[in-house]
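You will see chain A twice below: alongside chain B first, and alongside chain C after that.
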Partner chain A sequence: MAQGQKRGPGFYLLAAFFTLFVIFLYGPMLMIFILSFQGTTGGLTLPMRGVSVHWFGDLLTSTRYGDLGGGLTRSILLGLLALVLTTVISLFAGLAFRRRFVGAGPLFYLSIISLVVPGILLGLGISQMFQLLGLRLSWLTSGLVAHLTWTLPFGLLIMFAVLNRFDTSWEEAARDAGARAWATLRLVTIPILFPGLIAVALFGFTLSYDEMPRTLLTVGGKNTLPIEISNMTMTVTTPALYAIGTLTSALSFAVIAISFISIAVIQKRRERRAED
Partner chain B sequence: MSGRSSGGGTRLVPYLQVAPLALFTIAFVGIPIMTLLALSFWQTDGISIYREFTLENYRELFTSGLTYRLFYTTIKFALITLVATTIIGFTCSYFLVFHVRSLKWQIALLLVCTIPFWTSNVIRMISWIPFLGREGLFNRAIMSMGLTSEPLDFLLYSQFSVVLTYIHLYTLFMIVPIFNSMAKINPNIIEAARDAGASGWQILTTIIIPLSRTGIALGAIFVVTLVMGDFFVARVMSGGQAASVVSAMKNQIDNLFYPQAAAMAILLIVVVALLVSAILRVVDIRSELAK
Partner chain C sequence: MSEQSRIDIRSVTKAFGAVKAVNNVDLTIDGGSYCCMIGPSGCGKTTLLRMIAGHEQPTSGTIRIGGEDVTHARTGSRGTALMFQNYALFPHLTLTDNVAFSLRVKGVAGDDRRRQAKEMLDRVQLGHLADRLPSELSGGQQQRVALARALITNPKVLLLDEPLSALDEFLRLRMRVELKRLQNELGITFIHVTHTQPEAIALADQVVVMDHGLIEQAASPRDIYNHPHSPYVARFMGGQNVLSGTVTGRDTEGRATVEGSGGIRYDVATEAAVETGQELRFSVRRDHIRRAEAASGHNSLSGTAINIEYQGTFVKVALDTGLREEFIIYMQDDAYFARPIEVGETVHAEWDAAQNHHLIGLNNSTGNPHED
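Now for the complex of A and B:
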């Protein structure tokens, strides 16, 4: 908006503030990435006593860090299930909310409650409900529904934002051309919404993968990765703690990168197709 | 919205489309909260739970001084975090929207702010430990500069480190909604105000802040509910000194005092609901979002 104007001192002050914030955001994380390559005799703080991958090896071979491999497997599986369910359920719910239906208001508010109720309380409620019904707690049942109480409202809100910019005349044109509801959805609505759906999927996976408060009381006997890691923070006093931090952050970054690259590739391919 | 409906059959469509979400939310959000409510009125002797009505759990809760201290500490943390994240979030969004000129850079810098949101909170929390500890980077730095001869103890395992971690974890929840509101402000309004002789400060207080209020309110709801529901940061980063409402509740759960924990949970839900509705009183988010 300030096109063509000279940049005043305000710009540089704000830019400095923003830079400080980014350092505040990433600085500590960068520090544990560095410290995870601590030498074999090094401790939890600087200085570095040599550089090694000792603590990564220790993490993989030692048994005193709990069930990290199992936790990782369960977290990835839960993340993938949450991804699929969140994307499908939010897509259809988002489409439904474009029209009036009885109960739309209360359902919207219940979804918001699902988002803002402190997670551990919802976890307590779900676990107590399962126990009153005589059902066993397990990461794949009570754990999964607890994750969905967190990912679904997010998915719904993102769908609202995505559908806000969606031009319904495309659907009407398809209908006028004789397409049935299913064909319209498959050939028109979903392809147009696709980048938004990838965003929902990304949120579904990462929110589930990092979820802890809702999981804590609903996970049953076998833990997810964030709970294993949080148990480690209480007991482990070696740089192995940072090594797991580096590994799990690297995985998160990889998922984010893959999502953004696939969005970019799809957009590119579309532009090319539009040019043809 | 579509304005066209072909026959009575399509009237059922939204119900079918929304059914999975509706059934899920009722079964796994509505009923669990009702379960907590019921549980909070049941009796226990510490071993088993009896399904008989009692007000004892609430009487115990309200007559204990600890309850008030816990809520005082937790609300204090929430308000300090709220003020800090609002100031930081507003300033960063203001910079991105009104000072960064190209859209590409705006989006890239916003992504830089949001990427940590997708990584582990536990890891981001513990990453402060090597920085703030007695032997940590900060203490080394100020000691080598000769600012202090003794390491500062209040930096880690204190209320300071708890609030600092909250700000670190939750500022993102402020930046994104405020950025969204600000990006919708029509630049012509600001141009017109400037032409009419408004100062930068007047533009900020009479145009930008009022038009960003939906974003601020949304962010405030996230920050307040996240801090009020936290127990892990309060437990680890205070070194076990500061207890939050939820960490006290977690202790009751670990000791199998479920009805007492449920009563505490219901009280917390009521307090959070009051705080959220106070925010909603100031800003009607739903009608603002529909605009």
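Now for the complex of A and C:
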């Protein structure tokens, strides 16, 4: 805003609206964060009766909270698998969709439609299909399939946006210099698309990590973390519930931070190589 | 070198669906020559270039380089190197690695290929920027890198897709000289696609004028300029007025007598058989026209001056003669300023019969001449 120019009522109205938006966005998270440090005699609501890390310890030692550690391990493994599969499949699908092959339109809509179908129905369908085929439901098989129906369409859409800014003459220049398909992909296409691929990978992991509706009916005997937590909310009545919230949020932020740092490091390295 | 880098294009057609971008084209480009392909956008010149490079496959026909059939040979294995219009430098690689790319693909060891790339960068005067990324360079510098990357493959044929179009006027003229010098030095065939007439005239040993997927004329710049094949070539290359009339007979010197609009008589030496009563088109160079005191009715034309532009060494006078096209005269500046013309004034123009050039070709489209 230029100096000396008077701010109209519109500015204050919008500022107030934005403040409300931020409060609604981060207020609940902040509340859970604060309450997880509730004193040993404190309850699920304010006021705080002292400050402690008692409930974090309780979470890790007590057996009343179900299989949290196992849920976390499974969720991370599943997230990593979804990350790898989503990135690889989205990359090649995105590259393929650049050609207007026969049936490209219908195939695209078919792959996007699983974003629109209610997740719980999709989970039901997958579990029915597995039973029909005589396969046992398990987080690593049917669970992974269910997660991919959620992560792949997003990965593909991001890939489209990334490829939109990709100039095919880079690949032609590589071919012109004698590179075959594999060398072109390895030395030109993937390195140039790399920042976009990181974005796809991140989405693949986070979407899988907190997926619930599709997982409920496909996970089989052993639960993922979101289902464990969801079960906890019905049985646990101590601030340990908030402690798990704080821990999982911290983990998500850590994942994001690690990705950003690795992107920054890669770019720094490129610049450094460019300088010396 | 000369035989090795000769290009023979025979009956080449490229169809995209129902549209023929290149339509049954025959063309021979001498080894070691500088060839410019010119035409309006969509005329097929870039498609033809890309087929020579192997980025497009001809629908039918054959392409030979140095006598070897390369119609279906893999891109990058046929002795061509293409310099892209937008340069297509790899944004993630330094200039050295960009230039060394083809060596890397061939499996040349790291130190060796970097040394060669450095030498090539020195050759285009960019050695001091070898470790920069392409995004840190100006347009002119990026172009030199693209040139270095193409030349390091030791091509028999260098293909240039509108190489100067992204540069400003000053750089364009400098790079034009540079390209010509490089071609002389290397002795390989250069094929240069452009839509700028002065560029083609200045650089080429052979100019190929295209329109609608067909080659209208392939000849030396001097031939193209003095003996255009069709009204389209005359208009597109510029510097000519195209006139037409009906053949009424022959004079004693064997020239066709042509009656134009307003009953004006023109004597046109014909380069092909013509019959009395047929329509005939011919061109007259704008710089070979004089101003006359009165309408003579013979190898002349009169009209109203509608636009006058001073061009430094000459003055461009446009006349409205009642025909569809303006009639343009390039007058020497001393002749013009001895008796200046005012807009709205009636001007009589005349020229020697020898200036009438019979246009044999039938393509009468206007193209889109780039006036200068």
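Definition applied: the second predicted complex is superposed on the first by the 255 of 276 C-alpha atoms of A that agree within 3 Å, B and C clash if a C-alpha of one lies under 4 Å from a C-alpha of the other, contacts with A are read in each partner's own complex, and residues count from 1 in each chain.
Here is the rule we use: a residue touches a chain if its C-beta (ideal position, glycine included) is under 8 Å from a C-beta of that chain, and two chains touch if they have at least 3 such contacts.
All values derive from a computational prediction rather than experimental measurement.
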item: Contacts of A:W170 with chain B and chain C, given as first, second, both or neither; value: second
item: Which of chain B and chain C A:V219 touches, first, second, both or neither; value: neither
item: First (chain B), second (chain C), both or neither touched by A:A82; value: neither
item: Touched partner set for A:I192, first chain B, second chain C, both or neither; value: second
item: Which of chain B and chain C A:A179 touches, first, second, both or neither; value: second
item: Chain B versus chain C as contact partner of A:L59, first or second or both or neither; value: neither
item: Between chain B and chain C, more extensive residue contact with chain A; value: B
item: Which of chain B and chain C A:L156 touches, first, second, both or neither; value: first
item: Set intersection of chain A contacts, chain C complex versus chain B complex; value: 172, 175
item: Sites on chain A touched by chain B in the complex; value: 1-3, 7, 10-11, 14-15, 17-18, 21-22, 24-29, 31-32, 35, 44-46, 88-90, 92-93, 95-101, 103-104, 107, 110-111, 113-114, 116-122, 124-126, 128-129, 132, 145-146, 148-149, 152, 156, 160, 168, 171-172, 175, 181, 202, 206, 210, 212-213, 217, 226, 229-230, 233-234, 241-242, 244-245, 248-249, 252-253, 255-256
item: Touching residues (chain side chain B, partner chain A) in the complex; value: 1-2, 4, 6, 10, 13-15, 17-18, 20-22, 24-26, 28-33, 35-36, 39, 88, 91-92, 94-96, 98-99, 101, 109, 112-113, 115-116, 118-124, 126-131, 133, 135-137, 140, 168, 171, 187, 190-191, 200, 221-222, 225, 228-232, 236, 246, 249-250, 253, 258, 261-262, 265, 268-269, 272, 276, 289
item: Complex interface listing, chain C residues touching chain A; value: 53, 55, 74-77, 80-82, 84, 86, 88-92, 94, 101-102, 104-106, 131-133, 136, 149-150, 153
item: Residues of chain A touching chain C in the complex; value: 167, 169-170, 172-180, 183, 187-188, 191-192, 194, 270, 273-276
